[in-house]
Each structure stands twice: as structure tokens, then as C-alpha cells.
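Both complexes below contain subunit A, partnered by subunit B and then by subunit C.
Let's look at the complex of A and B:
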């Protein structure tokens, strides 16, 4: 088990190194002159040259990269031009909002996707299966931004059931930070009404983000459960009088989760990238919104660092997936 | 309690159809079988002749594509078709009819310890024995010892992949004994094992059966095994019962040409059913008349056209052949 985790950590380090190079090149390859943005409107050629020199934009690319890696190693992520604060500070402040949103979406997607998949598999080629397939196709086909805007128009603007944007009302006081997740922190602070308010704010962005993930999960559960139900041990369990629901929900489902759990690891990537659009539309003050603003304003440092951070989260999620995999399957545990 | 002179399991003129891409297969037709209380009955026939389908029909675990199209399966006088899935699983399976499957490598769930899997059986069927988790564990360990598994206590917490094939089959035998069933249906329980292990498992089964007096339907394609273990035999060919009777009669005076070939071509009666020319016919389009006629060495006019019936020849012996009808049917 420990060997497995170390092995994965090594892989993650490798992937992150690659990601650092890639993001750096991508950002520098974009034909915007970072000095122009830093200097602002109407700067003289002389001022631009000073800035270039100060930030090292005039040096060769590989030197810039070396300097950048050196900074990263020291935990110095540079200054955001847009917020004029250290990027590290911004990230720390915004990370919890994204974590709360992505977690909520993931929980929703799993809590609905798995039962939908089981229902589809056990009604294979019957009505419920067809209905669920149409639903999941819709879930995958509908663009997040469109769904987000539709939800805002109907449920927020027309019906007024949900707030339009933000994590809490603009006049409200954020909870004392413990976990950084507002819903939980309000509860911990003994403010259930505020926790409810935070939850209501969370609902629409989380649903928007969860929908494609839910569809993916239900399809994976369906197909692997259909396969598992053909197995000899399922016939044996039924022949030995296990109730059918126990066979399906306990014994067969667990055998079908392996593929699904791997998929959920990949879905974390989908959720994080999806959060850029969703956070931007719902003004959710998280990493996605931060990246979105940074891209729009051509602000390099935040884009690089936030992308790296998302890479780290994604990698950690996938290490977790491997651990869960080993917990589910004793054969993985014993390395067979 | 139960009447010991009435059959425990009676399969009467059973037909089963399975829908496939090739059309409707009449996998079982005119199948007759009888198991008396405490009796060990062998069900023999070449691979593909429908033995497993019959077993599944008895346990009512046929695939969704299969349908019982005729006949009846009575257990202790109750037509099992009248029981719904819920009652089958609550009252019959494991508790009164236990099952030993063919392939111990595939029949156990790889993600659960063998103890967890046997506990699940007791959870749904162990009420009769009473007791809680601890007693159940003790009961399973005691059975593990009885089927001669090493370290029976520790065995409960092993996963299937940690056991050998023979050990897994012993676990499955223990599982079958958990709820003191009246009938054990064993579908080729030794076929997936190597020869030495096969022999050990057979010895164990014979011992247990003698000790417990439980009735057994023992499915095999190996006539030698039947001779060793059973007191009565039912022979199937291409989905039909062709002959049934007491072990000694079938061995010494087989009536159906197919049975005769099975017995004759292996005088030591310890070999598998090989050496009969031809192959089991396709069930999509079975031969008309007697299904065995293309391979039969006693074929006469009428065999191709007139399907014979299973006829009682006295002494619990029944044969499905034109020669027994006296050609009059």
C-alpha cells in the first residue's frame, strides 16, 4: 500500500514538472507583451524597457523559465497585476470556494449517478433504462454556460427561488474560517440560517457543474454493472438465497465500482475545468473565477499558478482514487 | 414429518426454451427426473445436453431469456413454479435446496472474504439455528473443519484469491451445508479441478452424504464418478431424459443404446464419456424423431420419424427408445 502511494507520488511529480513547462510555454507563447499590461495605458518606450528588465521579460525564454521555477520552489508565485496582491495570497483565499463547489458537485454527481446507473442496469433495455439514457445524453450534451444561464433566468430571475450569484448575500458576514467551506463553517459557528443561505447560493452552480459528471458516472455504473451481473458469482449468490437487492447493491455494485472510481478521478479534472465557466457565470469567488479574470486581462502569474494548483488537486484526487481502489479490491491491495 | 416414500424432487415432462440470436432453442424437452429422500442421484450426459439448464430450472435461476414452456418441477409436492422469486429465495434456496456450483474459481465474489459470504447466507437463512454473529462464525468455522480446510478460524477472513481451487470448492461445500438442506444440487463440482483434487473432493462428498443422509442431485459428464457415488442415474441426451433407473440396473442392464454405449465403451467405468462417434446435435434444429438416431447403432425404420416416449419398464427403470416400445408406439 505504501509502495503504491510512493509510486503514484513519483508519477505525480513527473506530471507536474511537465505541466509547469507546458503552462509556462503556453502563456509566454500568447502574443501579448506582459510589460505593456504591467505598465498600463500610455507608458513610454523607456518605462516599458525598465519593466522588461526588472521582470526579466527581455531575457531568453529558458532563463525566464529557470527563474520561474526558482521562484516556485521558494513559494513565490509573483504578483497578480489585476489584484496587485501576491498570487499565493489570492490562491489561498480563493481555493476553499472552489473546493466547496467542486465537492458539492461531486457529492451530487455520485449520490445521483450511482443509483441512476444501478436502475438503468437492472432495467436493462426496458423503459427506465431508455429514459435514463436520454437523460444522461442530455446531461453530457448540454453546455454548462447555457445551462447556467437558463437556470439563472428561470429559477433566479423569474421565480426568485435561488440567488443569482455569489456565495452569500453581498451584505452578509462570512463565517469564521475553519474549513473554508461556508456551509460547514456557518454550522460550526452555530448559524444554521446562514448555513442555509450558503447552501441555497451553492445549489445552482453545483447542479450545473454536477450534471455532466452525474451523467458520466451513471453510464459507467450501468455498463459495468450489466457486465458484473453476468458473472458466475452473481448467479451463485442468487442460487444461495441472497435477496436480489443485496446481490445488486452490495455484492455486484462493489464489483462494478472499480471502473467507476477511476472515472471519478478523471471527473475531478472535468469539474475543475468546468468550474472556470460556472464560477465566472455565478460570480463564485473561487479559482475558476480567478483564472477567468486573469485570462481576460492577460495576467500571467495567476494563470500559471492557478493552473498548477489545479494540477496538484487533480493529481491528489487521483492518488486518492488509487487508495480507494485498493480499499475496494483485496487483489489490488496484495499487488495481484 | 415428511413422507419418505414420496419423491423429494420430481421433474415431470419439463420443457425449457431459451431465446437466442439463432431463434428459440428447445434446450430441455420431455425431461423427467426423480430424487427420493436421502438418495444420491447422478445426472449424466455429454457437455451441452442441458444438465446445467435443468439445475437452473430447479433453483429457478434461469436467465431472463429462458422460459419454462411445459411440465412441472415439484419439491416435496409443491410445484416450484407457483412460488414467487421472494419465496424461492426466502424459503427454498440454501435453506431446503442448496447449490454447489461448477467452477470454484468464478463462483465466489472476489471482493469479500469467504467468511463474509457465508455469513450472508446465515443472515438470510440462519434464523432456524438462532444465535448471533459469534455463534455464526463458530458454526462456519466448525463446518470448515468438517470439510477439512486447514486453519478453519483463520480461513473465514481469507479472500477467495488467497485459496487454492480445492480449498474454494471445500468452502462452497461448507456453504451448501450451512442451513442443513434437504437436497443438495451439485453441478459438476469437480470438473474445474485437477485430478488429484477431484478425487479428494469426491471422497469428502461421499463421506458427508453418508453421514448426513441428505439427498443429492449430482451432475456430471463422468460416468465413473456416478458409479462411485450414486444409487440411481438419470441419463440425458440433447435436452431429453433417455434413461433413468437404479445404479446397478443401469450399469448391468442398460436399455437405451446411448446408455449402453456409455457403459460399454468403458468397462472400468472410471473414464469420461468419450468415444461415441458423432457429436451432440444442434438444438436449433434437432434431428426429427429420436434425437439420438443419427449416432445410433440400433437404428431402425421409424427412428427418424417417430419421437419415442419415456416408458416405465418396471423397477423404477424408464427408457426412451423405440426398441422398448416394441416399435408399437
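Let's look at the complex of A and C:
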């Protein structure tokens, strides 16, 4: 078990080092001059020269890279031109909002996706199965930016059931930071009304983000459960007179979930990339919204640092998947 | 081949996907002749702005008075053009790399797969955005960013499939009669793994349309006045909720196009891989 984790950590370290090189090359080796981007349009030649010298763009590439790695190691991710604050500070401040949104979406996706998959598998090739297949195909094909706008248009602007954007009303006071998740922090501070407000704000972005993940889970649960239900042990249990509900939900589902767990890494990817679009539309003050703002203002430091951070989150999620799998499946634990 | 086609045509969902793709292709090729107002790709007609759907403009007009149906039809070429270019270019990079890495052992093979891992370490949209962000936004930039982030998917699948086929007995036989590695890889392994590549490419077309639309929506892809679906949705946001048709219809176009490629991809996979047919 420990060996498995160490092995995966070494792989991840290599991949992240590679990602660092890639993002570095991205800014420094593209044909566009980074100094012109930083200086903005209409900068004088003198201003450009100052910027080149200050940021070291005039030095050889490998020296620049060494300096960049040194900065990263000290936790210095540079300054954001847009917020004029250190990128590291911005990222730390914005991470909890994304975590809250992604967790809410993940819970929704699992809570709906697994029962949907089970229902589809148990009604294989019948009406419910066909309907759920259409639903999950639509969930995977819909553009989340469009879905978000449709939800805003109908449920917020026309019906007024949900707020249009933000984590809480603009006049509201944020909760004392404990976990950074507003819904939980308000509850901890004994403000249930505000927790409800935060939850209502969370609803539409979380649903938008959850839909593709839900579709993915339901498809995997369906196909692996169909396979499991054809196994001998299921036929045996049914012959023994166990209630069908128990056989499916207790024995067959647990045997099918192991295959589904490997897809959680994929889900985290879906949630992370979906969060950029969803946060930008709902003005959700998380990482995705930060990346979006940095991109449209041509602010490269935050874009690259946030890309690296997403790489780290993605890698950690994939290690966790391996560990969880080892925990629920003894064959993986013992190295097969 | 005949067997695969027969299996494919029994799958109603795949047939539906194929029909929509055929329609898209017709629109992409003959769009100018089909669209009611082909000049609306670029024209500005302020006197008829934001008209709701009606007999004259079936899907309404946008903020510059352009017919939305026409722009959706003209957008089919943009969407399909981007998707085909990106997937073809990504396959041209990814498939040879996967073949080399899968067929040979040693440092080159390792190096290829490690680089692939690096590109797969971040979700595709995030990496594509990072690429697009350091260059000036345009359709060409978006295509480059999408190609640079999609080839690893081909490399990985080709690598796995090549490893699987490589251990087959007939490959040993070919080596025994003196066939060279290039000949074996190109003439004997590649045709055998082609179905996997085609399935990946079909699904890739859908994924690419979706991500290209997201790039357009975020302002990192097509620039106005290009009739690009994602860009159209972005332009419509300011006119909500009154001009509901403005956002709704381009989004449905994206949904249908992506759905079609996903359904066909699923159908193809089931048809070429009988093992999966029962469970999908």
C-alpha cells in the first residue's frame, strides 16, 4: 500500500515538473514578446526595455527558467496585473469557493448518478433505460455555458426563484472563515438564514456543473452493473431467495463500484474545467472566475499559476482514486 | 466491415447521430445556398434588430438585425471546419507517436509516453485556455490550442492498442520472415488498430466542437462577426431574458452537433467491439 502511494507520488512529481517546463515555455518561448503583453498597447521602447530588464526577459532562456523554478519553490507565483496582488494570495483566497462549488456538484452527481445508473441497469433495454440513456447523452453533449445561461434566464430572470450571480447577496456580510465553505461557516456561526441564502446561491452553479458528472457516473454504473448482474454469484443469491433489492444494492452494486471509482479522476477533470465557464457566468468568486478574468485581461501570471495548481489538484485526486480503489478492492491492494 | 455497418444500422441512436452529421455536412458545404439570408454572416441591419421568431425570421434576429437561422446554418461550416482540422492534425501527431512508443521499447518509447502524461495532467479546456491566453484570440489560435491538447488522447489509445496487437503470433511470424519494423507497424499493426482510432476520432469531433464553442464563448476563439455558435451565445447574454431566442437556438445547435458525434461514436464502439455490445 505504501509502495503504491510512493510510486504514484514519484510519477506525479515528474509530471508536475514537466508541466512547469510546459507552462514556462508557453509564456517565454511563444513568438509574441511577453514584455509587450505586460506593458500593454502603446508602450514606448523605453518602457519595454525596462520591463524586459525587470522581469529578466533579456537573459538566456535557461537562466530565466532557473529563476522561475526558484520563485515557484519559494511560493512566489508573481504579481497579478489585474488585481495587483501576489498570485499566491489570490489563489489561496479563491480556492475555498471553488472547493465548495465542486463538492456540491460532486455530491449532487453521485446522489443522482448512482441511482440513475442502477435504475437503467435493472430495467435494461426497457423504457426507463432508454429514457435515462437519452438523458445522460444530453447531459454529456450540452455546453455548460449555454445550460448556465438557460437556467439564469428561466429560473432567475423570469421566475425569480434563484439569485442571478455571486455566493451571497452583495450587501451581505461573509461568515467568519473557518472552513471557507460559506454554507457550513454560516451554520457554524449560528446563522441558518444566511446559510440558506448561501445554499440558494450555490444551487444553479452546482446543478450546471453536476450535470456532465452525473451523466458520466450513471453511464459507468449502468454498464458495470449490467456486467455484474450476469455473474454467477448474483444468480446464486437470487436462487437463495435474497430480496432482489438487497442483491442489487448491497452485493452487485458494491462489486460494480470499483470500476466506477477509477472514473472519479475523470470527474474531477470535468468539474475543474467546467468550473471556469460556470464560475465566469455566475460570477462565483473561485479559481475558474479568476482564470477567466486573467485571460480576458491578458494577465499571464495568474493563468499559468492557476493551470499549475489545477494540475496539482488533478494529480492529488488521481492518487486518492488509487488509494480508495486499493481500500475497496483487496486485489488492487495486494498488487493483484 | 459489412458486419460492423449492419450492427451500426441496428442501433437507432447511432443512425440518428449519423443523420444529424449528414445534415451538418450538407449545411457546412452548401450553407450559402440554404441559408435564407446568407449575407447575414457579416451584414448589419439595425432596423430589424432583436425580432422574435416569426414567419420572416424563423428563429428571430440578433442585436445587429441578422437572421439567427442563417447564422446557425453558416456556423455549421465553422464548427465542422474547426473540429475536422483539429482532430485530423491531432491524429497526425498522436497516432505515429503512439505507434512508435507502442511498438518499440526503450528510452524513446518512455520519453513519448511521459510527455503524453504531462499534456494529460491538466483537463483539456484548461490547457487549451492557457495556450490560447498567451496568443491573440482567433480561430487559428483556438485550433492550434485544441490540436496541441488533443493529440495525447490519440497517442495513449494507439500506444495501448499497439502493445496489445504486438504480442500476437502473426507479428512474430512477420519478424521471422524478415519484415522490418516500419513495415510491420504501418502495414500490419495500423490497420488492426484503425477501429479504435476511428472511434476515438468520432468522439473527438464532438468534444472538439464543445470545447471550441467554450473557447469562442470565453472570447478565446472566433472573433466577431464570425458566425460561431459559442460566440453567438456570448453575444446574446446582454439581451436576456427578453431576447430568449438569441441565446437558445445557437446552444441547441451545439447540443445537437455534439450529441450526434457522441451517439455515432458510441454506436461505432459497440459495433467494432462485440464485448461491449451487451453492456452499453
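Note that in this section the second predicted complex is superposed on the first by the 320 of 336 C-alpha atoms of A that agree within 3 Å, B and C clash if a C-alpha of one lies under 4 Å from a C-alpha of the other, contacts with A are read in each partner's own complex, and residues count from 1 in each chain.
To be clear about the criterion, contacts are C-beta pairs under 8 Å (C-beta built on N, C-alpha and C of every residue); 3 or more make two chains touch, one makes a residue touch a chain.
Only a predicted model underlies this, so the values are computations on that prediction, with no experimental measurement involved.
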> Fit or clash for subunit B plus subunit C once both are placed on subunit A?
Replying inline: fit
> A:76 contacts which: subunit B (first), subunit C (second), both, neither?
Replying inline: neither
>> Taking the superposition on A as described, I'd like to know which of subunit B and subunit C A:254 touches: first, second, both or neither.
In response: first
> Does subunit C touch more residues of subunit A than subunit B does, or is it the other way round?
Replying inline: C
>> Between subunit B and subunit C, whom does A:235 touch in the aligned arrangement: first, second, both, or neither?
In response: first
>> Output check: A:129 vs subunit B and subunit C. Expected answer is one of first, second, both, neither. What do you get?
In response: neither
> What is the angle, as a multiple of 10 degrees, that the CA centres of subunit B and subunit C span when seen from the CA centre of subunit A?
Replying inline: 80
> After superposition on the shared chain, which partner residues are touched by A:296: those of subunit B (first), subunit C (second), both, or neither?
Replying inline: second
> A:315 contacts which: subunit B (first), subunit C (second), both, neither?
Replying inline: second
> Is A:270 in contact with subunit B, with subunit C, with both, or with neither (first, second, both, neither)?
Replying inline: second
>> How many Å separate the nearest C-alpha atoms of subunit B and subunit C in the overlaid structures?
In response: 13
> In the superposed arrangement, what residues of subunit A touch both subunit B and subunit C?
Replying inline: none
>> With touch defined as at the start, can you tell me which subunit C residues reach subunit A in the complex?
In response: 13, 114-115, 117-119, 121-127, 129-136, 206, 210, 213-214, 217-220, 230, 233-234, 236-237, 240-241, 244, 247-248, 250-251, 254-255, 258-259, 262-263, 266, 276, 278-280
>> With touch defined as at the start, can you tell me which subunit A residues reach subunit B in the complex?
In response: 231-233, 235-244, 246, 251, 254-255, 328-331, 334, 336
> Given the complex with subunit A, which residues does subunit B contribute to the contact?
Replying inline: 56, 59, 61, 85, 89-90, 92-95, 98-99, 101, 103, 106-112, 117, 120-121, 124-125, 159, 161-162, 175
>> List the residues on subunit A that touch subunit C in their complex, please.
In response: 11, 14-16, 18-19, 22-23, 26-27, 30, 32, 37, 133, 137-138, 140-147, 149-150, 152-154, 157-158, 223-224, 226-227, 269-270, 272-273, 276-277, 280, 291-292, 294-296, 298, 300, 303-304, 307, 310-311, 314-315
